[in-house]
Amino acid sequence: MVYQKDITVATRGHGDMLDITEALREAVRQSGIRAGIAHVFNVGSTASVGLIEFEPGLARDLPVALDRLFPPGLDYAHEQAWQDGNGHSHVQATMLGSSATVPVRGGEPVLGAWQQLFLAECDVHSRTRTLVITVMGE
Amino acid sequence: MVYQKDITVATRGHGDMLDITEALREAVRQSGIRAGIAHVFNVGSTASVGLIEFEPGLARDLPVALDRLFPPGLDYAHEQAWQDGNGHSHVQATMLGSSATVPVRGGEPVLGAWQQLFLAECDVHSRTRTLVITVMGE
Amino acid sequence: MVYQKDITVATRGHGDMLDITEALREAVRQSGIRAGIAHVFNVGSTASVGLIEFEPGLARDLPVALDRLFPPGLDYAHEQAWQDGNGHSHVQATMLGSSATVPVRGGEPVLGAWQQLFLAECDVHSRTRTLVITVMGE
């Protein structure tokens, strides 16, 4: 069995973090799938999906760490071609990854009590993001 | 077909690396699935699962690199809320990722000769970790 | 339904980036699967698969960022055991990840207009790389 749906979320620009755990939970319930996996994929190359304890502190610490390691101010070759000021956004999003996969059991995603699904906006301005959620199993 | 099992492993604290390849191999064999994928997921937000050549040198190099890039001594916002001294653990685990997915063929996980599945403990003390292994295919 | 194929690509050594999106698209078409997921896995521990806007600028920016964060010249414990000069290659590949998973819909991989699948060679010399593509769904 395969269930697939898109969800759309609005971000407020660079460093914005959204908790999308409830959207995942809802998709898994709608799928009717009891056991398997759920895959959440960000369409586009300047935002990321991953897992974190979603609390205000870490929702700052992660983007801060990304900006420290892949700073906006470096001389990105991407910038020379496009002058859109988001070379660091691309490198950050690629390093963090485009998708997360979570087990499904008993008709629910399996997550720790302090483990949530996030979308991290790495681009330099607000965006509308489309996520494709695919639930597979039986 | 879907096969799912949990395994539990004990870690000795920050920077501990465990080779969990045999547990994956055993789960794939138990599943009876010949072709598909195997997904290994760490429940919790301060440990990671990934792939590496598992030898004593790299089992040190990876945690050392994580501590160099995401040092314990930085001023994490997570720390201000929780004072549990593991802000770096969270950021490290999120960057490294919560799960790994490996192809299954001929009833075995497909891995290179020098490619193993690891669990990396990023938290600051010893923990008991639960991994959910999901094998899907036919 | 499960479809699996191997593809082989030649890399030119450290920092080489290959766009493998067409190979993914072809595998998905050959599978006959309309909805589900496609998983692309690099066999071996010194190359990575991921998603990026594949243009010449970013194809330089990503390897440059990896070398900046995990430099060849550090004192890797891996080096003491093997003296093959690729400790940084292993750490880079593990951090970037061994596989990517993409949704499949309408018999095609779902990707943004500026989102492509890459193979990044992290090893210090040219290699022949085997990728296992698994398409699952219905």
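Labels A, B and C are assigned to the chains in the order they are written; within every chain, residues are numbered from 1.
Operating definition for what follows: contacts are C-beta pairs under 8 Å (C-beta built on N, C-alpha and C of every residue); 3 or more make two chains touch, one makes a residue touch a chain.
This is a predicted model, so every value here is computed, not measured.
A turn of 120° superposes the CA atoms of chain B on those of chain C, with the angle given to the nearest 5. Of all residue numbers used at the contact between chain A and chain C, under half are used by both chains, marking a mostly different-residue interface. Averaged Cα coordinates give chain A a centre that lies 19 Å from the centre of chain C.
Residue positions 69, 95, 97, 101, 136 of chain A each touch two or more of the other chains. Against chain A, in their complex, chain C makes its touches with residues 35-37, 50-53, 55-58, 60-62, 64-65, 69, 95-97, 100-103, 105, 110-112, 114-115, 136-138. Of all residues in chain A, only 1-2, 4, 39, 41, 43-45, 69-70, 76-82, 87, 90-91, 94-95, 97-99, 101, 132, 134, 136 touch chain C in the complex they form.
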